[in-house]
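Before anything else, here's the structure in question.
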Amino acid sequence: MNISQILFWILTVLALGSALGVVLSKNPVYSVLCLIVTFFAISGHYILLNAQFLAIVNIIVYAGAIMVLFLFVIMLMNLNAEVEPQKSKILKFAGFIAGLCLFLVIVAAIKNAEAKTQAAQLAGGDIGLIKNLGTALFNDYVLPFEISSVLFLSAMVGAVVIGKKE
Amino acid sequence: MNLIYLVPLFPLVGFLLNGLCRNYLNKSLVGIIGSGSILASFIVSLIVFFDVKAGHTGVVSYFEFINLGKFAIPFAFQVDQLSSLFLLIITGVGFLIHLYSTSYMHEEESQHFARYFAYLNLFVFSMLLLVLGANYVIMFIGWEGVGLCSYLLIGYWFKSIPYTNAANKAFIMNRIGDLGFLIAIFWIISKVGSVNYTDVFSSLNKFSTTDLVVITLLLFVGATGKSAQIPLYTWLPDAMAGPTPVSALIHAATMVTAGIYMIARSNILYSHAHVTMHIVAVIGLATAVFAATIALKQNDIKKVLAYSTVSQLGYMFLALGVGAYTGAVFHVMTHAFFKALLFLGSGSVIHAMGGEQDIRKMGGLGKYMPVTHITFLIGCLAIAGIPGFSGFFSKDEILAHTFSESPVMYCIGLFGALLTAFYMFRLYATTFKGSFRGTHDQEHHLHESPAAITIPLIILAVLAFAGGYVGIPEFIKPDAHALDNFLSPIFAESKKVLGNHPLEHNTEWMLTGISTLLIVIVVVTAWSKFAKKADVEDPQGFGKVLANKWYIDELYDAIIVKPVYGLGRFCNNVLEKLVDWIINGVGRSVQYGSRQLRLLQSGQVGSYVLFMIIGIVLFFVMQFFFKK
Amino acid sequence: MVPVLLLLIPLFSGLALFAVKNENSVKTLALLSSIVTLAVALYGMTCANGSEYLIVNKEWLPALNSRFHMEIDGMGKVLTLLTALSFPIVFAATSGNRYEDSNRFYALMLLTQAGLMGVFMAMDALLFYFFWELALIPVYFLCSHWGGERRIQVTFKFFVYTFVGSLLMLTALIYLYFHAGQNFDIKAFYNIKLTSSKDALMFWLMFVAFAIKMPLVPFHTWQPDTYEQSPTAVTMILSGVMVKMGVFGVIRWVAPVLPISFYQYGDTITWMAIIGMIYASLVAMQQDDLKRLVAYSSIAHIGLMVVALFATTKSGMQGVMIQMFNHGINIIGMWIVVNAIEQKFGTRKMSQLGGIAQKAPGLAILLVIVAFANIALPLTNAFIGEFMMFNGVFASTVTSFNVAFTVCAALTIILAAVYTLKMLQKVLFGETSAVTAQTTDISFSVKVSLVIIVGAILLFGVYPKPMLGVTNELVDVLLSKMTLTMGK
Amino acid sequence: MNAIIISAILGVVMMYSGVLTKNTSAIRNVAIVGLIVLLGLNMAEGCGYQLFHINTKGMMSFEKYGLLFNSIAFASTLIYFLLSGRDVEKVGVYVAEYFALIFFILCGVAIVTSFNSLLLLFIGIEIISIPLYILTGADKRNLKSNEASLKYFLMGSFSTGIMLMGITLIFGATGSFMLKGIAPLVTGAADAPLNVWLVSGLLLLFISMAFKVSAAPFHFWTPDVYDGAPSVFTSFMATIVKAAIFVAFLRLFDGAYGEMKGAWQSIISITILLTLFIGNITAVFQQSVKRMLAYSSIAQAGFMLFALFGFNDFAKEGIILYAAAYSLATIGIFAILIKMKDYTFEGYNGLGKSQPVLAATNTIFLLSLAGIPLTAGFFAKYYMLAAAIKNGTQFWLVIFAVLCAAVSVYYYFRVIQSMYFKTGNAETATITPAFKYVLIVLAGIVILLGVFPQLLLNQMYF
Amino acid sequence: MPINYYIITAIALFCIGITGVLTRRNAIIIFMCIEIMLNAVNLLLVAFSKMFHMAYLANPAKAVTSGIDGQLFVFFIMVVAAAEVSVGLAIIVMMYRNTHSVDVNFLNRLKN
């Protein structure tokens, strides 16, 4: 087991564990914190997969900006374990069962893929570098890039419409 | 022969004139139109008759009624001995009855008077159509037409619900018979591809024996309806609800003999179907005796005559059944005379009695109304079969033929004849002899009827007496049977088929002697018994059964009418609701499903997502684990 | 040219009527329009079959191979004449009725007429379906708006019921369309060959639609309710003309197109129809409401048409065709009487009527004639039809039950007499009742329309030849088509 | 391309117009003029006049079909603006923003009708969805609107997650996001067992698209959102947006699933079955016309899914016709609904008397939705059924569908019954003559398309 | 690592996210769970991208893609996620303002 494999397992366990933490934690603040841990673990995976730029973006955008926003909102609303609404046990159980079923079914469905032995390992390759990504983005993907500005515009307008006090 | 279309045309015109202008014509005009049209048609009939007698027979075709390419039904008239004879009877007796009616119905309101004559003319028209038609379809048209007129005339006094009930009964019973007739027509069409008499009778080889038996039986079913035979006879007594001249014309003289005409017309078919012949004979005989027994205990003057009509019709069928076609037709003719006479006489009595029909309330009328009395007596003698009167000749002919077929049937037939003599003279004696049993008021008004009534009575009485001499039997005077000679072209084929075994003259003499003797005894018995003491008590025991007509109406009611209505109620109240409930049930279940299904929409995101997940899982399972 | 006129005159005059406000002018215009239509239809009758005046074949939906193909053939002549004839009669007979928003009422009536005309003339399956539905929609509005107490539910049931049927028919038509080489023309439909299971499926899909429309027991429960609740003018059209659509549909779109199943299921359907006839007659005997009685009698009559139709004989088929006309005329006559009674006495319950013959002899006489025509008395038009139909059933070679069919079906002749006579007795005869004591005879316009009907009844009863001549050729063609396919 | 760029620009223009003027009718007029320009330019592109020459790197292709649909969508929006524009102003204070969002949605519509890359499908759908979340919640004081918005947002993002997982798995199998990169693999695998990643991916993609077009069992958001959203926006999202996503679905199916349709048929037929059943049956019991229309939109989606089931010419033409018929009719119905004081069926009682024009046109629209001949809706349904029947398999499904169509008559006709046959005093807001004229024109179009559907369909080929 | 590991990891993460959506009532937590789902997708995309890139390195001629598309897609997902977050939080805040609750079941006027 080489170092990358060890790292893979550590990061995987960390990601899954903290994701479970998000779901299970009673206190919303803990959930946010767990989520941040998940993001970090995923960023670690990115680095393992030679996606350095994405790893950074993930931390900056997700863990940094988005999660802070979440935290901010939670703090603003003063949410905590006491006021946290809880579903009935049965519904929760049903939810878990359903999630588990879905997992099992999807895994059962695709575990036998022909490409399953194909590896995705830390090795050479520099596509994850900002330069290469940038080149591709502004050559081949310039159209979606520009179009996503419309998305942002609309989100911006929307946030104003919804958020602004009348 | 070229004038033949005039025969039905006159009554039709009379019908239209009287029917459409009934609000504008006065009674005498109506009477003139009504009777005159029949008289005109009688005159034409006479011309036709002599024409036919001179040998001019044939088919006159006017237009195509129904055309189906290969198969066509022409609107054509058959002019031959049989139809011309019937024409005379219908128009002749018809005219007399019309004449009689002008007086009898005179108290009706003017428009109803016109309506009456319109119906009567329409009836004559239909009857002529029936008789003249050159094919079964035209006959059927007339057949149903007379049924309609019978319905209309029985229900002439429509304010009375029992009368209209009788009308309905008559029509429906007739329809049952008509159904048989209709199916017989279809059967013929399917075999021959034509309904013309000439075509049908000339292509007997196209029929199998079964075909012939079934067809003839079906035709006979039709005949039992129209001619009131067992089991469809019950309408006829009820039909007495109509005005008395109507009973005379339709329910005695003409319409009810349509069945005989039809079978006589189809004689060749019957001659080839022995089974049917036997059945016809048996039914006819049974009806003759059965109706006669009922007539014994009836107290309504018209009811007695009605049952006697049924009984006499039974004799005619007996005649047909034993192959005595001429005898049947002969009896039709004589019966037309004497039965019309009797009915008209009874009408005269009823008229005098102010509408009273119960013979127990009459008595001794002979002295008040001599013409009626005498003519009625002639009628009675004729129907009883006293030698010299017309009924004697025709009945004797029938009985003689029956004897040659089967002595047993002869005995039964003779028994029926005795019954006839008995009840007729019971009727006669109770009505005209003895002392008057009605109210004082009625007695005060008793008088002889006016001339318009008595003249037809007299004419008919003459006919009832003399009508028989056209058919003097072989054994009395050879070759004197004018009617047989006249009709022989019609029945020639059948005669060949059936083979004629005439009785020994001695046997015939003997039979005639015995029957005459017995009848005279019975007549005398009845006369003497009822002239002294009328049969006024309520009958007991078996007599009660007879008075109640063997409870046949009740029986029919119980086994047919009630179940049918019960079934109708069941269909209407149960099945109909059930079917509707099922149909509505679809709608209801949609509604119910809607109420339940909308609960899926619980409003909670969690459950929505849960359903989605279940959907995804299912789709995955389907796509990956349930592949063909 | 004639088909277009027959379609457009009622259509445009109907649309135009929406704009007219004055009630009297609405009635006059509607009557006028329907008379013009009648004139055109009569002209159409005089044209020879196949004449160019009777055919319209224009481009409509090239993408679907569906053309505006209308043609008046023998059956079309009969039924367009019936449609054209019934509307003026209905208008005249009900001219005494007052309707709220009369312009809409008459406009919708004329639209119905347009739809009916279309149905009877369409030679293109899609076009046929179009008109099939179009005839239904105005009727829905007419019944729901101007009907009786329970009109909304009842009409809705009627609508949904028939709509289900027509949708099933639509699926079958589309299926057949693909098997006719993506062509909707009836000639293309004639060449369809299907496997027997598919043939059967299509047959039933189509037949159910028509059976509901006719209606055939047990699909009939909409009918008595609808007839009872509809305004009588609409009931006249419904029963006089509209139910013929079902029979017509079977003749034109089922029998020659799917003959294999037509033969195969003939016996089943015939038994169904016969049981239905007897059933309907028995139920009719129990009715007290005149409208319901006539409704059930209509079910019985239509049942006979089905029986005759499936006998597949010339006599039967032709009998059905002319009987469609005759039954239409007769039943409209019945409805006119019912309407007159209802208008005059305010009730249709037979138990409350009686003695009308004394008070209104004109009505009584006409009712008697119409009623006897309804039970097919000879020398009335219905006799011709029924005679030919029964004859056809009896002569049928496609079934081994022909005799049984004839006898069972003919039983209804007796039952029909029973309920019809009972009706006459209760309505016309006896002493006058509380509601009938004070009355006068019917109005002139009712009398005129009834006299026209009676005239038609007697005319076609005595001299049916023109009518028969019109349909003769078509029946031969249809039968040869059917036997041809069977031969294949 | 014209449409995408112009609509984006118009969105911005609207934003600024809100800054420049507070006069709402001026803003509306700007929007209408802008939309006409947009429509004109889109049609111009159909005739070959492109304003911009942009290399899309194969990620988009602008074909007649998509452009025709765009035109329909824009034209429908124009009618929508004309009919309900005033009511947009009544929702809240951000009138210019609402219009801007609508233009952004139209931009998304233009994208999803011409995408070639799953990436653009994804972005396009997001561009449609995000403004919709906002419009749904535009009536901020109304708790129903809040609730609808939240539900829509949560479930919408959830389905986005599923869609992305699907796209990812497809990418894993094919290494491409391009339709033309996926299709060969799908086709090539026809005989070999399909690559399970690919199939799973396609399945997840199918499910997320099914969610967007509100096909059962992924339809649950629809009634709540349509009911809760301000009616004027429900009208828009139930019609134009939904139809656009259907076109996208069809395009996706054409590109990525096309040759393998056999493998998908059982899933599609189950979806159709459930959608028709749930949509129609549940609609029967509704008391509010608005909510009934929400369920009816599910039911209509069930019919539109037949386009996927029987994938052929009829399906493609049919979807265009269906989109037009359904959008026009529903816009009309909603425009009238918005004018009503009471959204329940009882609220319509007696409308035939008080507002004959509204009632008459509403009837025509309802008849069109029910698929009665002489209205566009008939041919729409006809094409769908024809597509399914031509497909040749599972005829029972077609029969089921027509039976459901019969059920649909129940709830559509309830409105008609209320309007005409029940007595009541239907209260409406003031109705301007212009509104009536537009309604009449709209009804005229519905009938015209019902008699001559080729007026529209021929545009595909010329 | 074999790609299967990544797939299973990603799907596990994805399903945890789904489970969260199913079991929680707090709108914010649900939203966070959706973010987990998106991240699972991102992780898988990057892994696929890597897989394709290795195939590309091994044989550039035969490869369909260099794998860079996958990473760019992740980029776009992040873009969209960011936009969604802004809108989503705005909606949640709006609701909170009106009801003082973030319970998705609290508002339950729209049902049946």
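Letters A, B, C, D and E mark the chains as written, and numbering starts fresh at 1 in each.
Quick note on the criterion: a residue touches a chain if its C-beta (ideal position, glycine included) is under 8 Å from a C-beta of that chain, and two chains touch if they have at least 3 such contacts.
Only a predicted model underlies this, so the values are computations on that prediction, with no experimental measurement involved.
Participant: If you check the contacts of chain B and chain C, which chains show up for both?
Facilitator: D
Participant: Relative to chain C, which chain's C-alpha centre is the most remote?
Facilitator: The most remote chain is A.
Participant: Going by the contact definition above, tell me which chain pair has the most C-beta pairs touching.
Facilitator: Greatest count of contact pairs is found between chains A-E.
Participant: With centres defined from CA atoms, tell me which chain sits nearest the overall protein centre.
Facilitator: Ranked by how close its C-alpha centre lies to the overall one, first comes C.
Participant: Take the average of all CA coordinates in chain C, do the same for chain E, and state the distance between these two points in whole angstrom.
Facilitator: 65
Participant: Between chain A and chain D, tell me the centre distance in angstrom, where each centre is the average of that chain's C-alpha atoms.
Facilitator: Here chain A and chain D have centroids separated by 32 Å.
Participant: Please work out the Cα centroid separation of chain B and chain D, and write it as a whole number of Å.
Facilitator: Averaging C-alpha atoms per chain gives centres 77 Å apart.
Participant: Return the distance between the CA-based centres of chain C and chain D, expressed in whole Å.
Facilitator: 42
Participant: Touching two or more other chains, which residues of chain A qualify?
Facilitator: 87, 91, 94-95, 98-99, 102, 106, 109-110, 113, 115, 141, 144, 148, 151, 154-155, 158, 162
Participant: Among the residues of chain E, pick out those that touch two or more other chains and give their numbers.
Facilitator: Residues 3, 7, 17-18, 21-23, 25, 30-31, 48, 51, 67, 69, 76, 80, 83-84, 87, 91-92, 94, 104-105, 108-111 of chain E each touch two or more of the other chains.
Participant: On chain C, where are the residues touching two or more other chains?
Facilitator: Touching at least two other chains: 160.
Participant: State which pairs of chains touch, listing all of them.
Facilitator: Those chain pairs which touch are A-B, A-D, A-E, B-C, B-D, B-E, C-D, D-E.
Participant: Sort out for me which residues of chain A touch chain D in the complex.
Facilitator: The touching residues are 106, 109-110, 112-115, 139-144, 147-148, 150-151, 153-155, 157-158, 160-162, 166.
Participant: For the complex, which residues does chain B have touching chain D?
Facilitator: Going through chain B, the ones touching chain D are 587, 590-591, 593-595, 597-598, 600-601, 603, 605, 607-609, 611-612, 614-616, 619-620, 622-624.
Participant: What residues of chain D sit close enough to touch chain C in their complex?
Facilitator: Those in contact with chain C are residues 317, 367, 372-374, 378, 382, 385-386, 389-390, 395, 398-399, 402-403, 405-406, 409-410, 413, 417, 420-422, 452-454, 457-458.
Participant: Help me check something: in the complex, which residues belonging to chain B touch chain C?
Facilitator: 63-69, 71, 111, 137, 140-141, 143-145, 148, 151-152, 155, 158-161, 164-165, 167-168, 171-172, 175-176, 178-179, 182-183, 185-187, 189-190, 564-565, 567-569, 571-573, 575-576, 579-580, 583-584, 587
Participant: Contact residues on chain E for chain A in the complex?
Facilitator: 1-9, 11-13, 15-20, 22-26, 28-29, 31-33, 35-36, 39, 42-43, 46-51, 53-55, 57, 66-69, 71-72, 74-76, 78-87, 89-94, 96, 101-103, 105-106
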